[in-house]
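Shared between the two complexes below is chain A, which has chain B as its partner in the first and chain C in the second.
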Partner chain A sequence: MKFFSFKGGVHPEGNKTPTTSEAIQSFPLPARLYVPLQQHIGAPAKPVVEVGQTVLKGELIAASQGNVSAAVHAPSSGTVIEIAEHQAPHPSGLPVVCIIIETDGRDQWIEHSGETDPWRLSEKLIAQRISDAGIVGLGGATFPSALKFNLGLKQQVKTLVINGAECEPYLTSDDRLMQERTGKLIDGIRIMMLGMSASEAIIAIEDNKPQALKIMSAAAESYPELKVLKVPTRYPMGSEKHLVYTVTGKEIPAGKLAADIGIMVHNVGTAYAVYEAIFEGKPLVSRIVTISGGAVNQPRNLEVPFGTLVSNLIDYCGGLKQTPERLLMGGPLMGLVIPGLDVPIIKGSNGIVALTKDELKVKQQSACIRCSRCVSACPCGLVPLEMAANIKAGNFDRAVEYGVKDCISCGSCAYVCPANIPLVHFFNYAKGELVARQKAKQQQEYTAELAKQRQARMAEVEKQRAAAKAKALAAKKAREAAKQQQEAAQS
Partner chain B sequence: MSRLTPVSGPHTHAQISIQRIMLTVMLALTPVTCYGIYLYGWPALNLFIITLVSAVIVEALCLYIGKRPMKQGLGDGSGILSAWLVALTLPPWAPWWIAVVASICAILLGKQVFGGLGQNVFNPAMLARVIILISFPVQMTTWVNPQPMFSEQDPGFIAGLNVTFNNETVDWDSISTASPLGYLKTELTLDRNVAAIMTETPDWQSSLMGVTAGSMGETSAVLILLGGILLLMKRIISWHGPVAMLATVTVIAALFHQANPEHYAPAQFHLLNGALMLAAFFIITDPVTSPNTAKGQIVFGIGCGLLMYIIRTWGSYPEAIGFAVLLMNCFTPLIDHYLRPRIYGRNRKGQPLAIQQRDQEEQS
Partner chain C sequence: MIAAIVSLTILGLSIGFSLGFVAKRFKVEKDPLVDDIEAMLPASNCGQCGYAGCGQAAEAVAKGDAPVTFCPPGGRALAEQLAARLGVDADLSDMEDRGPMLAFVREATCVGCTRCFKACPTDAIVGAPKMIHTVISEACTGCGACVDICPTECLMMEEVPETLSNWRWPKPQPQTQLVSTAA
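Let's turn to the complex of A and B:
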């Protein structure tokens, strides 16, 4: 099967060797789990447990609320000791509300059972089970999966693209998952197809994972509707826009979703979570996390219950060799800086990477020489150097013209910039500023609209008052006239 | 652990820096420079050193006055590279002050007045060359034939210093000669035919190897090509500009020569003489003053080639690279404005792509 080659992209050092042959290990249960209510895009989940309550593994502890949200389940059995704020795994280091569970060490599951005949489930029921299991996009975007399924059904998605590209350096969690849990993964993908009545599924795997490619190809062989596609190793292959193009040759129109052109992309991790939800009745309570980076003593792939603190993981991996220059959740291209080791693992954490100064390769920023390496590297066809220059000058409209709204923040431009200009930082700032401006504009329009309505209302009141006055006057006159008449009649 | 900066990704970087780019370009220029110094002897070396040293002094002064970081401004090597390129376009036996004025023009007027690295509109080396060519036409068109170092013609170190610092005392009448392009121009004005003139200019082998009168950067087309290939392999430059420029000159020169061989020199003469090769690989690939996109660079290359041929053939200057490049530099912003890459998911006009009617597609 052939693929289509997108424009641009970069080839960062893979650095996957330290963990690529590290089999997934289960992680010894930590004493406490800090389970954030918000581990997904959308509204935070609403706690349904109380402090002091004992919970079993897989028990619902916070329910989805609002249109876009996801349920949260207890990652292990134990007692809820507190519902309080704890530092979030986010660069800001701001607190997020967590349900803190003291584990009892038994790791006892709540009663659960898989569907007796999953292949006969209706689409609606599959989406319901996925929603109940609290599944979100495990590639890192953490968008609630059930919503995506419903959208897929509505848009009559034909092609399901399974993202096994894992284009971020250091990370091997998806690679290991594909190698070790192949059968379940394949069933997960097939049930996903059923869930959105797709007619084909294409599993895209970068060619730097020969083992996974081999095993997955062999497993998919007996299902003609499944195809495994070897795609070239090029960052950002795992970006939805670029994976869709690579696999189908179609571009997602600006401002639209893949579903609008009949395609839906899901990560391999999500497909596995769907398998567990449907076939085993298990909600999403843990995920596979790669712990790597030059500052870690023994890089590993671990299956980690949500709410486990990063410090617990680092300890299990033999501690740190040296103080990391930067600590990341996710890979080095798009990963987020985390403020310290005291933050919990959440549904979107595919890796913890502790980088040394050598790996970071941070150099002093200098002037842009317009070398246009960023233009060649941009996989979206933008002109990063002009965008950055305009943002710097506060000229946001021009930056939009050069494409800042189409930027996926993949960082290819900044990766190749010889002047070390933090281009993505500029773009993220601009995107925030643009949203703020949009909101301010809406607010303004809303205020103007309210003022206009008030004016209209006041005018109406005035009119009514005038009418009432006129009426009263007329009534008075009529009364007086009647009185006069009466008087005249009496006299 | 200390509080870490909440910076956006990426948290890794390619092994590339401005300094590295500049050093690689200098490395690519080294063979032709060494060869030029060998060919034209001590005066060429003197002039080269004076150009570079004065450039560093001018740049340091500018940075000091502008209160900009000295270490970074000088350390990136961009000023030295500009001066190096200027030196390659000077007549090797020119007096010292030509080199100093050229450096001042390149660094001060070509770069620092615009705000330093990355801000200039014109290629500093070409700007400097054009300014001094117009201001000092005699010194800038006085060429000597190669007199290789350590050969019989080598004037020696002391006499070399004399050439550079006491230029007026040199007996120019006995040694000065015209460059091949200059000779062609002069002889054509005397109504001679090209074929006859060609027999008196160096044959193409000598031009290829550079054993002709000219500036250091006009000597060996082979060594410049070698440097250019190094830059291409190291991905410092892309092929678009150079190929467009060379192809344009080849095609247009061949066409005119074909139409009227009496009056128009053959393509190889244009390709191998003058600074065309240097310009194609080292001047029009200057990132600051050339367009951003591959397409833009092709347009830029074609424009440079076309203008160069027009000015060489019908203008009053036999060597036209400087003018051609400066004129095209003016168009760079315009080219960048019109030749932007297409954004993913949008058409050329920037509107979102239309969603194809899937149902119809399936039916057909």
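Let's turn to the complex of A and C:
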């Protein structure tokens, strides 16, 4: 099958060899699980358990609330000992509210059963099951999947693109999943197609994963609606916009979604979670995480229950060889720096990468010489050097004109920059600032409206008061006149 | 040489005079700038700037009678916007960059006197006589009109706490940066 080549991108060292042949091992249950209520984009889930309550594996412990949210289930059986704040796996180091479970070691599942005839489920019911299972996009974006399904149905999506690109260096969790759980994954993809009434599914895998390509192609052979596509290894192949272009030749317009052009992209991990939810009735309680990087003694692929602390995982992987220069959740290009080892694994954690100083390019930042390497590298066709210069000068409007809102923060520009300018950091800062300004403007409009209403109300009150006063005065005058008349009559 | 000087001088003078004439003859009565500025202001008419309301304050700023830093609830962000709109260089360095402020009621000392919600320009405080009052944070502009009016000093202004949902990436500082990934 033919593919289309997008402009730009980079070819970083893959560094996948330490874990690519490491089979998925299930992680021994830790004594405590710190399960955050916010593991997805949208509103945090609302706890439905109390402190002291015993829970079974897979039991709902926090329900989704609001339009965009996802349910959270107990990753193992045990007792809820606290609902309290714990450090979040986030660069800010801010806390997030967690349900802390002391595990009982039995890992006992709540009663669950898969659908008896999953192939006859309606689209609505499939989306409902996915929502009940608390499934979110497992590629890292963590957008609630059920919402994506509903959107896909509304937009009449015809093509489902399954993202098995895994373009981030070091990570091999999707690769292992495709190799080891192929059958279930294929069924998951087929039920996803049914859920959005898509007519075809294209599974895109980068050519640096020959094993996964071979196994997936063989498994998909018996289903004509499934196609496995070998795509070239180039970062950021796994970005939705770029994968859609590579696979279909269609470009997602700026500010639009893939669904707007009749395509939907889901990660292989999500497809596997959908299989478990529909065929086995299991909610999302664990995921496959790659533990890698030069600072880790024994890099591995582990199936980890959510809420497990990163320190537990590192211990299981033989500890650290040296203090890592940088600790990441996710890959080295788009992963988030985490504040320490004391943070829990969440739904979006596809890897933990501990990098040594030798693996990082540590150099003094210097001035931009306008060499335009970032322009050649930008896969979105933007001009990073101009955007960064304008952001540095506080000129956000100009940066928006240069397209900072279309930037996907892939980091290709910063990767090639010979002056070591933290370009993506500038763009992330600008995006945050733009969101903050937008919010402030909405707030200002809202309060201005409130102030106007209040002024109108006060004017009305004042008018009524004046009218009442005038009435009272008139009544008094009338009374006095009557009195005078009476007196006149008497005399 | 002389011809060039003379012709350019005449050109300059004639353009200058005609511009001056047009500016006087076709003078716009109400400055559209005032409307623009008024739209930027909180519109709560809290009076902290010393003007009766946001409309009067906008006029004063447009005329240049008030500095762009005049509005306490708007803070530094508003001052920057105003400076950009008016095309003036404002010295914002002594204006502390505090985040947005919100009013909070210390419930232990609130006696339910009802004075604060009568003073609030955006109806952001709810309560009833002899009941604890509370602030609806979405509606609070942080103008502080309620603080001095409280007889038990239970109202205070606090910075909005930083959470995962309102955290933003800080501006990159010039220094050695680590750029991820092996080269």
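Everything below uses one rule, namely that the second predicted complex is superposed on the first by the 443 of 491 C-alpha atoms of A that agree within 3 Å, B and C clash if a C-alpha of one lies under 4 Å from a C-alpha of the other, contacts with A are read in each partner's own complex, and residues count from 1 in each chain.
Just so it is clear, a residue touches a chain if its C-beta (ideal position, glycine included) is under 8 Å from a C-beta of that chain, and two chains touch if they have at least 3 such contacts.
The structure displayed is predicted, hence computed values, not measured ones.
Legend: residue contacts after superposition of the two complexes on their common chain; A:E359 is shown touching both chain B and chain C.
Of the two partner chains, neither chain B nor chain C is touched by A:Q485. After overlaying the two complexes on the shared chain, residue contacts for A:S122 are found with neither chain B nor chain C. Applying the stated contact rule after C-alpha superposition, one finds that A:Q443 touches chain C and leaves chain B untouched.
In the superposed model, A:L328 lies in contact with both chain B and chain C. Residue contacts after overlaying the shared chain place A:V96 against chain C, while chain B stays out of touching range.
Using the contact criterion defined above for the overlaid structures, shared-chain residue A:K241 touches chain B, although it does not reach chain C. Taking chain A as the reference, the larger set of touched residues comes from B, when chain B and chain C are compared.
By the touch criterion stated above, A:S26 is placed in contact with neither chain B nor chain C. In the overlay built on the shared chain, the residue A:S5 is in contact with neither chain B nor chain C. Of the residues of chain A, those at positions 12-13, 91-92, 169, 326, 328, 332-333, 335, 355, 359-364, 411, 414-415, 420, 422, 425, 428 touch chain B in one of the two structures and chain C in the other. Note for the complex: chain A touches chain B at residues 6-7, 10, 12-13, 91-93, 156, 158, 169, 241-242, 245, 251-256, 260-262, 323-324, 326-328, 332-341, 353, 355, 359-364, 366-373, 375-376, 378-383, 385-386, 401-403, 406, 409, 411, 414-416, 418-420, 422, 424-425, 428. Of all the residues in chain C, the ones that touch chain A in their complex are 40, 42-45, 77, 80, 100, 121-124, 138-141, 162-164, 166-172, 174-183.
Across the complex, chain C is touched by residues 12-13, 15, 38, 88, 90-92, 94, 96, 169, 325-326, 328, 332-333, 335, 355, 358-365, 394, 411, 414-415, 417, 420-422, 425-426, 428-429, 431-433, 435-437, 440, 443-444, 446-448, 450-455 of chain A. Per the touch definition, chain B reaches chain A in the complex via residues 1-18, 20-21, 72, 76, 78, 116-119, 238, 287-288, 291-294, 336, 340-346, 350, 352-356, 358.
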